[in-house]
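First the structure, which I've put down as structure tokens, then a few questions once you've had a look.
Residue numbering begins at 1 within each chain, and the chains themselves are lettered A, B, C and D in the order written.
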Amino acid sequence: MNTQENATARVETFSDGVFAVAATLLVLGLHVTATAGHLATALGREWPHYATYVVSFLTIGIIWLNHHAQFGRIERADRTLMVLNLVLLMFVTLIPFSTNLLADHLRVPSDQHVAAAVYAGSLLAMGISFFATYVWAIHAGLFSERITERHAGYLIRRNAVGLVVYVVAIAIAFVSATVSLALCGLTALYYLHPGRSLENGVD
Amino acid sequence: MNTQENATARVETFSDGVFAVAATLLVLGLHVTATAGHLATALGREWPHYATYVVSFLTIGIIWLNHHAQFGRIERADRTLMVLNLVLLMFVTLIPFSTNLLADHLRVPSDQHVAAAVYAGSLLAMGISFFATYVWAIHAGLFSERITERHAGYLIRRNAVGLVVYVVAIAIAFVSATVSLALCGLTALYYLHPGRSLENGVD
Amino acid sequence: MNTQENATARVETFSDGVFAVAATLLVLGLHVTATAGHLATALGREWPHYATYVVSFLTIGIIWLNHHAQFGRIERADRTLMVLNLVLLMFVTLIPFSTNLLADHLRVPSDQHVAAAVYAGSLLAMGISFFATYVWAIHAGLFSERITERHAGYLIRRNAVGLVVYVVAIAIAFVSATVSLALCGLTALYYLHPGRSLENGVD
Amino acid sequence: MNTQENATARVETFSDGVFAVAATLLVLGLHVTATAGHLATALGREWPHYATYVVSFLTIGIIWLNHHAQFGRIERADRTLMVLNLVLLMFVTLIPFSTNLLADHLRVPSDQHVAAAVYAGSLLAMGISFFATYVWAIHAGLFSERITERHAGYLIRRNAVGLVVYVVAIAIAFVSATVSLALCGLTALYYLHPGRSLENGVD
């Protein structure tokens, strides 16, 4: 068996595991305490938890989709890629924490700004790590097919969009936590669209 | 390696992970607080947790079985299918939350109706998402073998049964939470039977 | 791709996931509350948690080993096997609950007997489900190689040993919870030995 | 299908699952309680949780990387290897517990020494188990390629380094918990470097 091939395969199963567990652990942040007879009202009051749950689940899911598309085109994984991937996973794992932090403080006027900034910051950290795996894989020639310089530029611009938006979301957090969260949600929706590479099936 | 093949494989490992974690997280809802010497009684009082545990575990397990049967016959996964699958997984992940909600309130007269409606509603949301992946896979021709129009009609009717029952379970929740839960359990049992497609091994 | 082959593969990934998550969730039962300066003493007091942790982790791990050996020899998975496997996984998932229950009550004189009986009972339920998948797989001819009647008899006797010991452990729980737990631990050690089938690599 | 090959594959999926879940469960130790308006301060006070989180995540991730490199070169898994692997996984699963223990007590003067010693001790236990799988795999000739005595000696020395450092970290814990944690972190960084075997792709 080709060891390198195998290497990529196991990076993927471990990564899939971390993505799946992190996404599923988000549910532990959902809980409700209601005085008897007021469950419906209490459930309604929990909308910050639902909103952050949806944004975080989609973000993790979409990063996973892109991670999967990326590793599907990587021929071999070197140690640097694995370490960068590990750092990415470390930040993915943080998301249930920052999600709960934001959900718990979204309606607390004095703390919502800090919480939203930490939340967008955790997504930014994840985005930067993911970007780093991309740049390294291009730089070290790990992809199975040659990527044209023009396409590499496209990919880098596409990835950079998210990073810029997350930086903006951090700044906006200090004005409105809700708008900051909405920006993070819009970023997820933006990446739902596969981008040029997948449509053409080229690289 | 065929990228599309690989794509399907990784959708499956991620999905398997989310299904497995969501099913296993159900156990975190089981706990017991007993005054010394009354553990047996306290354990007995927890039957709503056992009942909802069994219904939810079987429901997740059976949706997984059908998900697995479905993806075994899908030749390639396009972006839309992946996004629909992501939405499905988001609702699967919600089940430990709605399960605990129902278990905690099944004997609270003033709140049991809302809790049971939310529970059946979460299963309905999961059912609709699963149905959507089915309809899309047929519509976009993602299955490896041609599905006859007659068979597609059968599949759609079979899936629709569950959705209708879940809608009924939501309505009945406002009359009796226990009957609503029982209906959800019966739906799981109904889907234990493989249906025509698997028996024939046709599609 | 052979659909049946694929079927077995996915039963295994889902099962592996549930086994792995259930085994890892055991750690959530470990926690310590100490007044300042008495951490070492407090950690020492937690020995029932360590003891049950080790017994449960090894039991889940060994059932997984045997599950894996079994499915490695199964050629195709039919619906009945999948449903029986689902029931097995449901009881595996219960183990973190019964483990914590026993750990929390092992030194509570009035409740330790009930807790130990529930614990051994949960292992018995898992053992019976596992046994049922074995018997069904033999009965339905799902194994890839013909199993001689003599060997089938051996396998059934070997599996039955565990069931009998668990029944004894339930009975003994009402005399001594610690002895009951020790019996469960010994059962795990017994199954560490691969048995005749694996040594010979015959079936 | 080669049963032995399959055996190794499933040891890997189960192990990957446990590694992934254990690494992701670390996030459950992160939480913050702040009085209104002091979230930023409260988050800052939590640095022991972030420090231990990073050290533990990287340690688990790197042990996984090495585990994966090792099993990629193992041709067949015998029962002893599987049992040793199970013991390794049991100690990996313990890490979220010892991590939280240290994080909770790192600034408690009277308890920090015990907590740091338990933490380094849990890493030592994991290291010894991993070392044992290595030694056994060499001893029993489970690797796919012949390992020269000189290379085996190198591998053993390389693995032993970590064990010695962890023993030192346990001793130092009683002088300074923070230095002990830092030593554990440095060990993780040391193992980030692949070592001679992977660089040469020899064994």
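The definition used in the following text is that a residue touches a chain if its C-beta (ideal position, glycine included) is under 8 Å from a C-beta of that chain, and two chains touch if they have at least 3 such contacts.
Predicted, not measured: the structure shown is a model, and the values here were computed from it.
The pairing of subunit B with subunit C is characterised as different-residue: of all residue numbers used at this interface, under half are used by both copies.
The chain with its Cα centroid farthest from the Cα centroid of subunit D is B. Mean C-alpha position of subunit B lies 36 Å from that of subunit D. Centre-to-centre spacing of subunit C and subunit D amounts to 25 Å, using the average Cα coordinate of each chain. Shared interface positions of subunit A, i.e. residues touching 2 or more other chains, are given as 13, 16-17, 20-21, 25, 28. Listed in rising order, the residues of subunit C touching subunit B in the complex are 3, 6-7, 10-11, 13-14, 16-18, 20-22, 25, 28, 79, 82-83, 86, 89-90, 93-94, 96-97, 100-101, 105, 108, 110-111, 114-115, 118. Against subunit D, the residues of subunit C that register as touching in their complex are 12-13, 16-17, 19-21, 23-28, 30-32, 34, 36-40, 43, 54, 57-58, 61-62, 64-65, 68-69, 72-73, 192-194, 198, 201.
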